[in-house]
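Next up: the structures, one after another.
Two complexes follow with chain A in common, the first pairing it with chain B and the second with chain C.
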Partner chain A sequence: MLDADFFRRWMAATATAVDREADHLTELDSAIGDADHGSNLQRGFTAVAAVVEKDAPATPGAVLTLAGRQLISTVGGASGPLYGTLLRRTGKALGEAAEVDRDRLARAFAEGVAAVGQLGGAQAGDKTMLDALLPAAEALGSSFRGAADAARAGAGATVPLQARKGRASYLGERSIGHQDPGATSAALLVEALAETAADGGVDA
Partner chain B sequence: MSDERQVGVVLVSHSGPVAESVAELARGLAAGGVTAPVAAAGGLPNGGLGTSAELIGRAAASVDRGAGVAVLVDLGSAVLTVKAMLAEGDELPENTRLVDAPFVEGAVAAVVTASSGGDIGAVEAAASEAYGYRKT
Partner chain C sequence: MKMLINVPETVVADALRGMAAAHPELTVDVENRVVVRRDAPVAGKVGLVSGGGSGHEPLHAGFVGPGMLSAACPGEVFTSPVPDQMVRAAAAVDSGAGVLFVVKNYTGDVLNFEMAAELAEDEGIQVAQVVVDDDVAVSDSTFTAGRRGTGATLFVEKIAGAAADEGAPLDRVVSVARQVNGSSRSFGVALSAVTTPAKGSPTFDLPAGELELGIGIHGEPGRERRPMMTSGEIADFAVDAVLEDLRPTGPVLALVNGMGATPLLELYGFSAEVHRVLGERGVPVARTLVGNYVTSLDMAGCSVTLCQIDEELLRLWDAPVETPALRWGR
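Right after this comes the complex of A and B.
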């Protein structure tokens, strides 16, 4: 079972991964975006890791809800409200439970991903974070590792796509041939989840 | 009826100077009576380009007179941040609406309408109608 501490460690692991990959994310974003994805997410997840440590919310739902709100208020770019909505909606779907199992998390995460699609008006294949999140949400029903692998494969599969949402969409065909930075950071988030589970000896 | 309880208008741009200038333009064109409260929420708190939920929340609170707040936005993260704040439920004053309108033209229409005592529905309609004015 996954308790509030597990979710705090997931947020901390995400902050570490984003920190490590910030330059890479910004490099991807300088090809088709406005070159701030790495620094924006770094600022956001550093703040998230700090606040969930300090406030120590008691339930998984409360950890993710707080994390989501923090992202919306600190990121400054579109990834703030998008990731903020993902975590907040997932947290709300987890409700008040003190512990949740992977199945329940998978269902809640799928709700969070659907909310991201609704907020940004994007679908699979638009070359956005959803291209990593949608396959991850589906695979999370089977295993953490499977979700991480699906997210990374989804991010890689954005390379040949033409962007249809966000600033990259202004580039039209020139967006083809570059991996989407949002899908790449989404894969980091799911990879951090799988690592946290593996470190805690949870599931597979 | 234009002396109190006017609808407030918040202008959210990625750029501080853009938000401030559009606010000034709208106030200037609405002048003649009591101008409705207008606040700019542009850029990041450190002056950089981007969208700040904190600045938006503060701006909305500062123009709230209890008659509703119309929020006009420019691009991408400005749109998404306001939508995400509205979804939260308690981060913006009651009866705050994200208005679908062109930024500059909509701001002028919104401030003129709010200044003349229009309610939130009238302000929203006037701002949105600015999309219908063709320039060629």
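Right after this comes the complex of A and C.
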């Protein structure tokens, strides 16, 4: 079972991963966006890790809703509302349970991902974070590791796509051949989840 | 790349401290990144709030003052502000007559302002939004995030600001803003790429002998690249791109806008060419504004925005305005 402490460690692991990969994310974003995805998420998840540590919310749902609110308040751009909505809606869907299992998390995460699609008006194949999140949400029903692998594969599969949403969409065909920075950072979030589970000895 | 900065992390806060020192007629909240006209909230007046990524100065904070914006919220460089800033700005300028958010059509701006509108309404502030989307370089908006908001933002902020200053109610200010946006189109060209403080090197590679046609204001590449053209050839291309979409049947307002690194000597020369093309196409120009108003950091280049006006819009355009970057008639 996964308790509030597990979710705090997930957020801390995401902050560490975003920190490590910030330059890479910005490099990907400079090809088809405006070169700030890494620094924006770094600012956001650093703030998230700090606030969930300080406020120590008592339930998994409360950790994620707080994290989501914090992202919306600190990131800006499109990633702030989109990542904020992902975590906030996942947290809300988890409700007030003190502990949740992977199945319950998978269902809640799918709701969060659906909310992201609704907010951004994007679908699978538009070359956005959804291309990593949708397969991850599905695979999370089976295993943490599977979700991480699906997210990474989904991010890689954005390379040949033409962007239809976000700033990269203005490039038209010139967006083809570049991996989407949003899908790449989304894969980091799901990989951090799998690492947290593996470190805590939770099922694969 | 040499830049007149301390460190990339503080460029926005440093600029706001400078604005505060230079403009005592504004209230500048450096920590929360909100710039408000000193006398806000003005009793009975609709509040006009805009904002967006920094790097487009004087947009938006330079347009705060009587006759234009009530408040502006600058985000990080090229990153939209967060909802907290917008809610704070709305609360600071709302006199009970409601607040209009002027939003440029970029995904981040639209999402954050939408969230802010919900939060502000929770606090009992009546909020309306107008999304500016004037950039004709984005032609097939079915497969993109839609037309970008660029130069027409200045027209919307000035003309809706004048209506609000006259005491027009919120629904009237909204309809004026929508009319201005619906009557405006823009087209921009880049002669050099932009360098953001965080990255420190140009965001795209533009060879010396080439220009980029149909750019936005974030250093994103445009819709095509060609060998360098003369000012007259660029004016032909840009004005025709705008007219093809706008098809004006009367006089227009013209904004000949610099992207940040193009000197006024070149902009005035370009403006002469814009007037020549409009004359050849039979389009009368009622007013022309030339200068760096909706910029993209150190990008060289220019944009043309045309707005078809009627007598009422022209009267509101001519109405007094007193802001750091735009002032006349007072």
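We adopt the following convention: the second predicted complex is superposed on the first by the 204 of 204 C-alpha atoms of A that agree within 3 Å, B and C clash if a C-alpha of one lies under 4 Å from a C-alpha of the other, contacts with A are read in each partner's own complex, and residues count from 1 in each chain.
To be clear about the criterion, a contact is a pair of C-beta atoms (placed from the backbone, for glycine too) under 8 Å apart; a residue touches a chain by one contact, two chains touch by 3 or more.
Since this is a predicted model, take the numbers as computed values, not measurements.
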Per-residue touch tally on chain A - higher for chain B or for chain C: C
First, second, both or neither for A:167, with chain B first and chain C second: both
Partner chain(s) touched by A:82 [first = chain B, second = chain C, both, neither]: both
A:135 touches, of chain B and chain C: first, second, both or neither? neither
Touched partner set for A:26, first chain B, second chain C, both or neither: second
Touched partner set for A:39, first chain B, second chain C, both or neither: second
Touching both chain B and chain C, residues of chain A: 36, 40, 72-73, 76-82, 119-120, 166-167
Chain A contact footprint on chain C (complex, rising order): 53, 75-84, 106-108, 111-112, 114-115, 138, 140, 143-145, 148, 196, 198-199, 203-204, 216, 218-221, 223
Contacting residues of chain B [partner chain A, same complex]: 44, 48, 50-54, 76-77, 80-81, 83-85, 87-88
Contact footprint of chain B on chain A as seen in their complex: 36, 40, 69, 72-73, 76-82, 84-85, 88, 119-120, 166-167
Interface residues, chain A side, partner chain C - complex: 26, 30, 33-36, 39-40, 72-82, 119-120, 162, 164-167, 169-172, 174
